[in-house]
Structures are given as C-alpha cells and as structure tokens.
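Chain IDs A, B and C follow the sequence of writing; residue 1 opens each chain.
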Amino acid sequence: MDDSNNLAPTRSAVLRNVTLPVAGAVALGLLMQLVVGPASGPYATRLMLDVGVAIIAAVSLNIINGYTGQFSVGHAAFIAAGGYVAGSFTYYCSLLWWGEYAKHGGFLGMGEWLFFCSCLLGGFGAAALGWLVGLPSLRLRGDYLAIVTLGFGEILRVLLQNTNRQIFDAEQLRDATWRQLVPPPLGGAQGFSDVPKYTNLFWMYLMVAVTLFVAVRLKISSTGRAFLSIREDEIAAEAMGVDITRLKVRAFIVAAFFAGIAGGLFAHQSGTVIRPIDAGFQRSFEIVIMVVLGGLGSISGVTLAAVILTLLPALLLDFAQYRMILYALLLILLMIFRPQGLLGVKELWDFARPWRRGGTRT
Amino acid sequence: MDDFLQTLMTAVSVGSLYALIALGYTMVYGVLKFINFAHSDVVVLGAWFSFTLATWFLPQMGIDPAAAPWWAACGVLFFAMLACGGVGFLIERLAYRPLRRAPRLNVLITAIGVSLLLQNVGQLQFDLGAGLRLPFGTQPQGMPRLVPDVALNDAAVARGVAGEGGSSSTLVLEHPAVLESGRSYRAVVYRDNGAVERARITSSTGTYGAGAVMSLGSSLTRPPDGSVYVIRRLARVPIAMIDVVIVVTAGGLMVLLNLLVYRSKLGMAMRAVSFNTDTAALMGIPVDRVISFTFVLGAMLAAAAGFLYAIKYTTLQQPAHAGWVLLGLKAFVAAVVGGIGNIQGAVLGGFLIAFIEQFGAVYVSSDLRDISVFAVLILVLLVRPTGVLGSPSCEKV
Amino acid sequence: MSRVPGRSSTALLAVILAACAAAYGVVAGCSSGTDRGGGGTPNGQSGAGKAASNEPVVIGHYGSLTGAQATFGISTSQGIRLAIKQANATGGINGRPITLREYDTKGDAREAGSVVTRLCTNDKVVAVLGEVASGLSLAGAPVCQEFGVPMITPSSTNPRVTVVGDMISRVCFIDPFQGLVCAKFAYEHRKARKVAMLYDQAAPYSTGLAEEFRGAFEKLGGTIATSQTYAEGDPDFNAQLTTIRSAEPDIIFVPGYYTDVANIAMQARKLGITAPLLGGDGWDSTKLTEIGGPAIEGSYYSNHYSQQDPSPTVQKFIATYKAEFGSTPDGLAALGYDAALLLFDAMKRSPSLGGKDLAAAIATSKDFHGVTGTITIDADRNAVKPAVMLEVKGGAPTYVTTIAP
C-alpha cells in the first residue's frame, strides 16, 4: 500500500516495479524466440502465438469481470479495435515511408519498432473505446451491462463492415480523395489484409509477461483491492469511500488497453486477417468462457484456461465435423463438475501453502 | 404512402415473431435469472422439426404438403411444439439443473455450450431409411407452403374459361382484359380436380381482346385449356394470408400465455418462484417442477416461432447459419429493451425492435439497420436501466 | 461459492496441469519430429522426387466443415473427394495413390492460418486446396507461400488472394471480371439503364462483386438507382425491396449466395416487383430453383458452366456426384472438383512434386478441360475462362450467352 503514498519513488521501488519486470519480460521473450520456438517447430510456434493472444485477452478481461465483478461481453470489440488501429497504422506508415507493405528490417529492426509503437497505439485506441463502453457501467448492472457491452461490439462490427476498401498502392494512397479516406480505408467486409507480419514469439511473450505482471501487481495494489471490494459488495465499498464510478471506468480502460495490444499482436501475426467479425459477440464469448472456466479473478487460473481452450480445438482437429460437438460437451461437463472454475478464486501459488500462508505483501 | 403502409405491415409481422421468441428469453430469465443463450437454437429446432414433419411425415400419411389442408398445418405446429417442449425439458434437466446452486455465470457458459452443441449436432445428417434424413445437414431447404401464398386484398379483374391452343406457359383469354402500367398481375387457374395453380403474368401492359394470348412467368403443370381462370391484380400493399396467420397465431399464444401466468395456479407458482425461489420452496411450491415447466413452455413458444418463421420465409437456413444467431440476438435485445423478466415487456420490446429495424431500413439506411437496433438498446437502457417495463431493481443495504 | 476440500482441488489441478502439459507435448512433439525429418529445408519432400514409388501423395484441404459457412465447405470437400476417388481409380499420380488431409476452419481466419501451418509442416502435404471464403484464403495463402507449398483456391474471388505470391493460384473468376460480365450483360444484352443493387454487407464475396459491378456499370453509362444491403442470413428483405420498388429499376443486381437469393426473389415478387434479378456464380445450386420456384423464373446469373452443357465432362461429373453423395452438385462442388483435377494434372506434368516445380506446373496450365470450363492460368495465376450467362427457365438454369474475358 505504501507505493501510492510515496510521491518520489525510491531507487529500489523503480528496480522492483520497472527494471526487474521488464528485464524478466525481455528474458522470457528471448527464451521463447531463440530457444523454445526453434526447438518446437512452426506449427507449435503458431499455436503458442495463438495462446499468447488468448492469454492477454483473457487476463485483461479478468480485470473487468473477475476483479471488479462487472459483466462485459464486448471484449472482442476492444481486441478488434486495437487490431484495426495497430494494423492499419503499421500498414499505411510502411506504405508511406518505405513505399511497400512488406516487412522492413530484421529482428529488432526499424520495422519491429514501428510495430511496437503501433501496438501501443492500438492499446490507446482500444482504451479510448473502453472508456466509452465503461461509461454505461455507471448506471447499469449485471445482465443489462452485459447486453450493452455486447451491443457496442455489434455496432463496431457493423461500422467496420461499412468502411472503405483498403488501398494497396503507395501512389494511390498519396493521391487518395477524401471519399476514399472517409470512412477510413479498412477493407469493409473483406477484412484488413497484408499487414506486415512482425509478430513473433519475442514480442508476444514480452507482452504476455508485461500483462501478467501488471495484472498481478494490480490485484494486490490499492486500486486492485478497491476493484475487489466493488465485486464483493458495491454498496459497502461505496460506504467505505471507494469511488465506484471512477474505478469501474478505470477497470474498463485498463482492460481495454491490454486487449488492444492483444489485437495489435494478432493483426501482425502471420496467417491471420483481421475482419469485422472479430469484433462480434461470439468472439467475446470465447474470452468470457476462458475467464469463467479459469475462475473469476484468478490470474493463473484464467491463464491456464486460455491455454487449454486455445489448444483444445487444435487437438480435436482430427474429429472433423464432430469436433465442435466434443468441444461443446466438454464445456458443459466442465461447468457442471467444476462450477467454481479450474482454480476458483485462488491462484496457482496459493496451492504452495507452507511458504505463502499468512504472508501479506506490501 | 404505399411504402409506409408496406413497412408497417412487415414490422407488425416480424414484430410478432420477435415477441414470441423474446417471451421465451424473458420467462426463463424470470425464474432462473440467467440468459438462456440456447433459446434461439430451440427456435431453429422448431423450424427444422416443422420441415421434417411437413416433408416426410405428411407424405407418409398421404397428404401432399404443397396442398395441405389447414388442419395438417396445425398438426405440424402441434407436434413441432411437442418435440421442442421435450428437448427443452431435457436441456433443463441435464444441463441446467445440476447447476442450480452454481453462480449464474456458469449457467450462462453452459447455455453457450448447449447452443454450440445443438448447432453442431443439427449440422450432421444420417439416412434413417424410408427417405427420412436426420438431423438437418448443412444445406438450406425449402419449406412447403402450408398456408396458401395469396394476398387478401388482390382485385379480380377478369375471369373466364381458358381457350384452346395455349401451351403450359400461356393463357388464351375468353374475355377482354386490361393490364395497367406499373401493376403486376397474376393468373389463377382452377382445375377440374380441385387443384389451384398460380402464375405471374409477364405480358406487357395494354388492352387484350378475347382470344388474345398472355404469357405466364412460370410453367403450369399442363396447358390451362378449358379450366376456369381468374386474373388478379396484385395489391400495392399486399396483406398476405401468411402474415395474418402469423399475427393471429402469435397473438393467440400470447393471450393464452397471459391467462396461464396470471389466471392459473401454475402461473401463480411461476410468479412466486420468479419473485423469490427460496420462499416459494418454503411455501410448498415444487420449485424444480415449476422451473421445468417454464422451460418447456418457453421451448414450445420458440417452436411456434420457428414454425411460423419457416412457413413465412420458406427458406430454412442450416442450423448454424448466422441468420438464426441474428434472429435470436434481436429477440433477446427485444426482451431486454422491454425489461427482461417481464412478459408484457417482451411483447412490447419485440414490436419496438421490429418497428425501429424496418422503418430505419426504409427511411434511414439499410446499411445501418443493425446499428439502429443496438443504438436504441443502449439509449433505452441509459434512460431506463432496467428496460421500458422492467421494475427498477433496488438493492438492499 | 461452494468450497471443495483443498486436497481434491490440488489433485484435480495436478491432473489438469499434466493433461495440459501432455497436450502441449503432443503438439510440440509432432512438429519437431517433422522438422528433423525435413533435413533443414522447410519443404523436405522436394528432394524425394518420383523415386519413392508407391508412397501416397498427400494433399491438404482446409475449409469450413462446421459453423455458419459449412454449406460451402462441405460442398467443396465432396467435390475434392470425388476427384481423388476418380484419380485413384485410374492409377493416381504416376502410380502413387492420393490421400487427403482435411481440416476444419469453422469459418475463422485464425483457424485457417493455424491448420494451413499444420498441413504444410506436420502433414508435409504436397499441395493445399482451399478456402472458399477469400478472407480465409488470405489468411492461409501467406503460410503456403512461406513454406513453399502450392495452394489452389477453388472459389476465392478476391483479386488479392493470388497477389500473395507465386505459390498461390485459383480456378475461379475474380470479382472484377465477373462484375464486368454482369454489367455488360445488363447494359448490352438486357438494355438496362437503371439498376438497383441488393447485397450482403457482411459477405466479402457479395460486397466485392457489388463494388466491381457498380464501377463497370457506371462506366458503361448506366446508373445505380439505389443500393441496398442486408446482413448475412437476414430473412426479411421487405424493407429493402420496398425502397427498390419505388426506384423502379430495369434489373436488380443481387450478388449473394443461393441461400439468400431464393428468399429475396420470393419476397420481391410478392411486392409486385417484376424486374428480373441478376447475380453471380454464388447462385449456382439446384436449391435456388427448388426453394425459389416460380419467383426466380426469368432471372439471370453468370456462371462457370451450364449444367445442361452436353459435354461428357460435365454430364459425367454430375452423374457420378449424384451417385456418390445423393445430391446435385452446386457450383462450389464443381470448383472443388476442378481445383483438385487441375492439381493432379499439374502433378503429372511436373518434373518433381517439390513446391517450386509443382507451382510452376500449375501456373503453366493451359486449356485444361474442367467441369467449370476450359481453364488457362494467366501470369497472375488467375483462371482465365469465359463466363456463361444463364437464365432460370422452367425450373432449370438455361444457357443464354457466353461472355469472354
């Protein structure tokens, strides 16, 4: 708790809160990129990338649905928004600066830094949308809030369908008339294709590590405790002086930011095209399922569920027409036999009892 | 003006369907407080059961589905409702009841699982012999017209006995007839054996004397020689028989439901469970049975909606098609706008959504049709956070 | 929330974790195994050539076997299966039988990229067929390009698909061509000057064709009186058709799939709209007339071939397909069949089954006699073939005219 009271962060606080985590994240990224990836082959790499996106998406949704106890089924809209912003930024900047949309520079080259900036931009874009979607949460509760977030997602989907066609040529882009640029040239129903493929295991797992770190720190920070208090009892929290309105919107903004980054990583992945349907509610459900299956509020549980639910369809591929039937059955059975989610409200490390029990963190 | 009246007609007819489906969402929400996302898949089942009954069962009984008597249509509706009621019972018993004490979110995920299951099982197809193929496969199918495809306000402009010498796609007039510009005409041919055939007239506008030959847009089974024919001018705003059937059936079911919920003991039990499950149980109400019954009732309404949908649009999309998802979503939005858990609210919401959607598409833009639906949803909820007729929830401190 | 005793929780957790690790191991194990087998090159089998005599040739197919688009994926799959069966009956590829690895995409672009990666690396397929939807082909194509595996898309009409690289080709029309064909037909053949459009705003195929048609038709001097849209699977078109009726068009361009068009036609006729409908190859299915009945009579669509074409290739295909699957093939089945046969033809001509050789052999296909017309692959690896215009007459599509590229 003392972090928030200290206006001038001490050297050790910087070390603990910034330097070490960033170093750890970079180390994880490098490990995945240079050791795990090459050792496990392209298909496993591809699945690990998919898993990465799912983890960031699920862990960020957990901030809204798990910590704060709000019910959002519009998370795919944040991912899609981030993906479209980041993807189009990289794509059109590449076209303007380098005259082509192909990949530019090697590992950690210029292109990858542009991609990194795009992802951040995608995060900010999604956060802005998160603010907008979070506003109704001030007035609405439970299922009514859920349907409104769902409505926002569907509106975004239809808006994206009505965008202009993508511009594939640098000349054409420079000479574009305003009719080609308004609404923005995001490809309409076709989806936004040919985004340079910068996403690799390094960037993906760097972001996964950052997201997980922020999620863990947030949970045990004063803001996180305030989130949890809203989940447990909104009225009691308010009586204790928790600024409910600000915090609810803040949960949406933070979650949307990371969802936007997940979207950015997704848009730059090889073998994907970002399409309006990615903003639809079916995609949002997939993430809600991960959060509920993992255990609302449990970061490690949600991460585990994201891994399992992303790999499950891939493992069932050989069943062809029957695979979604199996998937659905497994989902129902898991819910019936494990209603509190994989880990309940606990974390993985809570199971390693002897060392952790009773130790409170500051 | 024509456009306005036409849109009004469509909105009323579509609104009845939305209302029927929304009732199912709202009733389940009323007793279990969770959104039954598998509800739209029961609508799909209702439509496809109707299709199977009409194309396989009716011929087995020696009835031609294309010229089925009215009671055959009622029979199809009845058995489809019965079958879906059974499926609704099983879903509740197997998937939802084990979760009675679990958090509501889990039940919601289970509902999504059930929805996925129904969609994907529905896409399979096995030949069960005797021409019966179940479940429904991945191809769209044409539903037989169990209700004649006629408008109630067409005007008969000429009639007579068709002359000799025509082919199966022409009609030789007995008396003169005038085809006005800008209107469409249809020839109805009454055969000796009681069969009735209809075809669009494709001749250009003008006056045709006796013995003139008119061309038909589609072929009849044989030349109409010697049969009585009637030339009907299609109304600019047709009041189709099917729309009347839909509005009457849906309205009838809603009245029945209202009587059941507000005038019967069972309805009282349902309302009690909805109000407070634990107290209701303490008062001796068999809560599980009441919940089962509510589910069956919702599923039967869904089946009725599926049946009406099938005979109105006659194109049945495959069970996992996006159209069904959208239909369910709009009905669900209707239930929420009206105030979920409230029966009158669901009906009101159904019509409200249909009116906004239809009038928005005609007078604003069809591109933004779905946006208008969701925008209204958000606006209504911001003004009235529990829907138009929803009771404001007040949490106890 | 009910609490489960700690010990059983831990045990369950351990089981789940173990299962998870095992799953990851299986996935990772498979792919690392193939990598070692590949001897450093991503496409290991290229060196093998024709030496291995009776080893099966594996080809891959990715398509929507489940989900909203399953109708199209399964038709394509059946076409491909028929082609393989026939090819194997006549000796396969130089004596080697052909086997198929087929994965479901659920109509999801992420899945498409993922399963194509699996086909190219784990399954070591010689070539890939798929997808129907351009959006999914655009996800799969870069993967095929990256791993040097030739890909033929049976029915993705978006011009961008083959721009991805020299490994990617197609056997169907591209949108600009078909848009032009329809516009020409409407303007020159039907003398239409005022056209209304009604298309599916959620379907790339539909919007792509509509855009191209609009451009071509306006260039010819016609006007688009009104342009209406619907969302995929919307059952009710009265609102759009009411607006179209007021615009009094000469012809209504409906570039959707047959699954929606029959319904549109019926509702249009009910509203007293007499103008004929005009569409593209998405209409091609017996379901169109089966469901649409008299309402669709007198409407036109452009297609790859006419089912009434007396040529033995077409008639034999329709007859064997019916015998095999119990239904009349739709356009997508025919395209899937042709894509497979064109691939087999190229395999026979190719000096080896390595990616580069095979892609070159596919790209030099010339006057290949398929069911969907005589196909020549051009420099951009698109199929060049004339389009036929069909009119629905007496419940069957009837040949009207041929419009050459």
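Note that in this section a contact is a pair of C-beta atoms (placed from the backbone, for glycine too) under 8 Å apart; a residue touches a chain by one contact, two chains touch by 3 or more.
Keep in mind it's a predicted model, so treat the numbers as computed, not measured.
At the far end from subunit A, in terms of centres built from Cα atoms, lies B. By count of C-beta pairs in contact, A-C exceeds the other of the chain pairs A-B and A-C. Annotation: 32 Å between the Cα-based centres of subunit A and subunit C.
Annotation: 39 Å between the Cα-based centres of subunit A and subunit B.
Touching of two or more other chains is recorded for residues 1-2, 66-67, 201-202, 231 of subunit C. Along subunit B, residues 102-103, 120, 123, 325, 367, 370 each make contact with two or more other chains.
Residue positions 158, 162, 321, 324, 339-340 of subunit A are each in touch with at least two other chains.
Residue ranges of subunit C in contact with subunit B, taken from their complex: 1-2, 66-68, 70-71, 74, 201-202, 228-236, 238-240, 242-243, 245-246, 258-260, 262-263, 266, 269-274, 287, 290-294, 297-298, 327, 394-395.
Across the complex, subunit A is touched by residues 29, 35, 95, 98-99, 102-103, 105-110, 112-114, 116-117, 119-121, 123-124, 325, 329, 332-333, 336, 340, 367-368, 370-371, 374-375, 377-378, 381-382, 385-387, 393, 395, 397 of subunit B. Only residues 71, 136, 139-141, 143-144, 146-148, 151-152, 154-155, 158-159, 162, 234-235, 281-282, 285, 288-289, 292-293, 296, 321-322, 324-325, 327-329, 331-332, 335-336, 339-340 of subunit A touch subunit B when the two sit together in their complex.
Note for the complex: subunit A touches subunit C at residues 39-44, 46-47, 50, 158, 161-162, 165, 168, 188-191, 193-194, 197, 266, 269-278, 304, 307-308, 311, 313-315, 317, 320-321, 323-324, 338-340, 342-345, 348, 351. Of all residues in subunit B, those touching subunit C in their complex are 2-3, 6-7, 9-10, 14, 101-103, 120, 123, 138-142, 149, 151, 169, 183-184, 198-200, 202, 217-219, 234-236, 238, 240, 309, 312-315, 317-318, 320-327, 357-358, 361-362, 366-367, 369-370.
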